[in-house]
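Residue numbering begins at 1 within each chain, and the chains themselves are lettered A, B, C, D, E, F, G and H in the order written.
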């Protein structure tokens, strides 16, 4: 049995966290696993917080709400402060360090600082920081095959925006390659 | 203990049955007895049927709905047909014989035929047939004192229509005197 | 001798429960005649409101649906969207259409729903025993305006045709009365046009019929018609408030029914 | 140097949750300025609607009541009847006022309730994520009119000022916009007049404010104002649709507030 | 003692409300409660009060909400379909902790139903007068005198606990006349309402009347606090009347109109030597669970009699909790059961005990 | 087998309804069900169906009533406050014997409440979706696949029994995505509706869709006949799913979102050697009373877990009828309980058994 | 030659036809009373009837048939 | 002499003031970012400010104080 993934993605609304979560969810589905995806947003249309729970498991998923993630992707400070203590010991935390300068002081989790927003700006991939961070997640956990991840991108991008697929692939690679 | 009165008044809407019932009810109230008055009408604003239940008793009144009257006052044929069989044996039935030509063939009840509408027309008391019939009721049952009945008339007529009191008194007398 | 006037086929052969002299009956007849003349009984569905005319479902020989108080336009919308080929009419009193049902009325109108609305304005709530209606006149005594409608406390009457005429979705808005032979004939024409518009897919048509309520006005039937003429007609001027049926029938594509 | 412009006192010192560039904030400010200038904060009670401005109760320093979707005019009526000396205003979006709340709106208006209604028309349902509103323009793409508002299926937009102007109870009906400095100044005047009317007991006043929703229109804030000018203003002409305040203030007895 | 006068239930309710200090009535006409509104329309203008005929039941309840938010005693009245329309507004009032009196003169349902008396809105009144977790106080008078008294209680407890109160009756009680003694006017003392939105006058922070809590934790806390109040009410405010229950083998449970009929049946049953009694809930919420549980120790069976297809019977069962059998007898659609029908039921059950 | 796709609950409901032959959707926007309407707005115009954004929830339900009266499959969706507004209309539909699908994606209440998931409209759905004596079918899916399946069931049974059906879910299920297999299109056979008001075409007597019965005896008869149908439904249509209940000492009863959480808790409890199981009602009305009564013979205690202050627990108690203790654990206001909280409850109760 | 027939089952004696008749030849029957208790309308002077149909046009209960 | 002050707590960087300023002397700060993650507006050229208040008139977040 492969290990469960209980992923929480958190940040501002508009940072593409829900889409990122969808890519991860599809990567699980493509490998025939049980998955769930659950968004949660504040009442603001813009500028509010948004987060997304993704579960991947070989067992049917009970609660789709990830309260104690074993992987956390954060893209703003309030979310880091809010969720950092919920990560289970041994879990991983991936931080967009362009958006968050603070450092985590927990030693029982692995923390990765990825300047995803900056990387995207530098590479003409504006708005794809979310995907960079997912690249990093994949790199750290290898929760699915690279092929599944690629298919997940294809599945997640709406049919009308096919041209975005390649941009997403490039962002993914930025994250995978980032040391 | 005085006997209970369970009176049902029935006829068309507009024949003053509810008012008549009110007079009877007040006559009981004035003598310190328990009383209830309950109207029931069909959905039509005009020309429908209307009936009214009045109970007078020395005990608290349970159901105010008179299903088995010991006194029935009827002013139209459909009501006579509908209710004649509900009168308890020994009860009395008072019929406006101007409105209803049919005769009752029950021998276990006392039936009085009073051409109340005609009497009123003849005596310039249009619209007071109801009260004539109540006069008859009083004459037959003596369910209250004559004084109480007079007070009941006074109580029942709205303050703004004081001049009606005497007309009602006259109608009452017509009923009392009718043989 | 030949019969030149008789009960229309689409009117059921039953005694209507309306009070003696209540003009609801005339309006029913005009609708039934229209249905007969347009030969649409088989595809007409009428909607009875809550009000004195609630039992209209027993009086027309077409299929009928009884709607909740004020919701006839919404029910009509559902019926029409489900069966665009059917002819749908609502029959509504002033309480129904202009008080509780105001939102549904305005919106069915602005949507240009391809339906026919017969609006019976008798300036009172008939069925519930004579309360003030949104169309009761200033000073009018009713059960709930016992000292006469005080516009400062109870507000002003609503002129429905004027109100709805401001909406782009409305094809026909006409006010008629059934107080005399002449007006009844005009009313018939208006009602017929309102149905024809629907048959032709021209959208929302409303005919407001100034009607009497002898019972709750406390008047004899003929006096009631007198009162109607003397009091209601000045406040609710008869006439065509909007009529796009000619424009629309020449340019069906732009506004046609759905 | 002296301060010539600053945050009005009646506006709470909190960050409003509106999206960047959403003109709800401007309208809030104009109301707060008016309350300050008329010195009525202590007796004003505002009513927040359901819509993006639902949290208006946190933004004004006067007493506030949060009403059910569309029912602000009814709540306002209750408040005003209970405390005629208080100054009651509602703040409502187009979904709130013109869709679900249409009946309450028309009736508060026809009653001539002595209240002030600030109607924010942004041609969309903001809070719920951009559905078609009763005021969405023909052809406008929204979440629930993804192919553009098809007037044949979804009906025509409602012009609220025009509609309400037909009602005798309305004292002031004016449409303004907050797309540029000049219009904001006009809007301020209108809003102030709408409050003054109430203070003077003149009855129902409504100011329709054409406003932007950059988020759900999918435009940058300044682009949104551009779109507003180019698309909304032609459909919703600015101006005074009805103003009886002068007539009424000279003849208070006839129409005075209750 | 003041003189007894004959009064219709609907009119007595109106007069009582006025005596209890209510000066704001908002309603929409519906049978069988029209006399109530008509009475208000007559009296309110004369005493400086407000009678306002709203454009709908929805508007009416929201006007009540507004007036109540402003701190005055306010009320509305309607009948079954109208109460459904008020349900969102009632939920808002509960969620905003606002008092206010709602009268439901029930008629037969569902839908347009009929205009004859019924008790088939029991569940709506006691479990779900709207969406969400909340309760309202529900009173079920059975005489016109009691109606008058309960109008006072409803206003007082509503103000005390800051929640809506309903008087649930039926067309029979609304339209019948009985002798009543009217309360003396001007003897009430109204609760202070420092929370009211009536203009802060710069004397306090501004008040907010609101039912929105975007933070679920806050909404939960608010709900829990409200339910603590409900728990206190359940402790202290259960009311019922018992008749011949001390030694009763069979306890009939019935409220309002049907309780009157059942009382007749009990008298008849006793006359025939059957040990029957009646417990009449006066508060439907809080339901008099404690008294029923108590009787469950001595009684052998219960019989719920309702003018519905069976709704309150579930609350009786919940109270009895399986200890004794609970039977049901009901009439619906506007039919009032007769004492003799109920007696038949009593005899059948007694026979099987 | 068809390919699995990821789909949001709200969208899956919409797609399922379309597959089930529904071409008439009438709604009014409200969170958290907006995706459903948006989906309909996108698809309906392309397949010749009707998506109509009504002016209000009231209009929407009455449009459903109209379309259903005309004989087509029609539906609406909303969330808690909107359902209150629909309650009069739902009562009319029930009273007129009309089918129609109502979706309630519940959020926290009362009043405006919040926009987070909740189950606090249980009573409203199962006891009093409006005034008068009536029931509607209520289904509570717990996965998105089940949502799809139950949409079909709801339409089919609604048509069969001529009554409204509700799918009661919550914001969590509405907005989450799970893999689903969509049903193949065009494989449905729709019930004949000879009663529909769709124009008699001179081929039959005219049809009347109506809920008014001025004669109480007739209204009573109609109600009784309807309740006979209800009784048949109670016999045959109760549905639930059990997990680990065979030997369970403690049976958790939970539906929808909370049942998923409870299932996690049961797994954890079993891992700790606690004999716990779960019964998940799929139909809330008819409530799976029979299955619960059955378990009451073997289980030592029950625990109802709800996202409310406690509503379904009463139905559990009524089913168990005092045979075993029934406990309650709930969160409200939009809070979803965590498996560990539920596990704590299970442990406490198991400890005391 | 013309004639009206009043169907007494429908007539409620409202007198709208009476007022509408330009020839003033309709009146309620002083004696006859129908099932519902109304005195139905009747044609007083059949010879004068022109069959104009005014009465029928105003009859709310559609009780009148006109022949000509 | 005139001056505007932008309260950065309120500013959401919407640029309505930027467009409203007749002197074109307001811009979003390219570097600074407030707590909510917005680049607040700032006065580029204080000397040119006439204190006309156009910016303040258009600021939806009432972030601007004008002195003159």
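The definition used in the following text is that a residue touches a chain if its C-beta (ideal position, glycine included) is under 8 Å from a C-beta of that chain, and two chains touch if they have at least 3 such contacts.
Note that the structure is predicted; figures quoted are calculated from it, not measured.
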Check your understanding: What is the shortest path, in steps, from chain F to chain H when you may only step between chains that touch?
Key -> 2
Check your understanding: Among the other chains, which touch chain C and chain H together?
Key -> D
Review point. Which chain's C-alpha centroid is most distant from that of chain E?
Key: H
Exercise for review: Express in whole angstrom the distance between the two chain centres, defined as the mean CA positions of chain D and chain E.
Suggested key: 39
Check your understanding: Using mean CA coordinates as chain centres, what's the chain A-chain G distance in Å?
Key -> 86
**Study point:** Inter-chain centre distance, chain A versus chain C - centres from mean C-alpha coordinates, in Å
**Key:** 61
Revision key, fill the gap. Going by residue number, chain A touches two or more other chains at 43, 47
Review point. Residues of chain H that touch two or more other chains: which are they?
Key: 12, 36, 38
Study note, to complete from the structure: Where chain F touches two or more other chains at once, the residues are 50, 52, 55-56, 58, 81, 88, 92, 96, 111-112, 115, 210-212, 214
Review point. What does chain F use to touch chain C in their complex?
Key: 24, 26, 50, 52, 54-56, 58-60, 62-72, 74, 88-89, 92, 96, 197-203, 206-212
**Study point:** chain D contact footprint on chain C (complex, rising order)
**Key:** 99-103, 106-107, 110-113, 134, 151-159, 162-163, 165-169, 255-256, 258
Review point. Touching chain F in the complex: which residues of chain D?
Key: 50, 54, 66, 68-70, 95, 99-100, 102, 125, 127-129, 131-132, 134, 143-147, 150, 153-154
Exercise for review: Please give the residue numbers of chain E that touch chain F in the complex, ascending.
Suggested key: 58, 80-81, 83-85, 87-88, 91-96, 106, 108-116, 118, 120-121, 123-124, 127-128, 130-134, 210-224, 227, 308-309, 311, 314, 317-318, 320-323, 331-335
Review point. In their shared complex, at which residues does chain H touch chain D?
Key: 1-3, 9-10, 12-16, 18-20, 36, 38, 51, 53-54, 56-62, 64-68
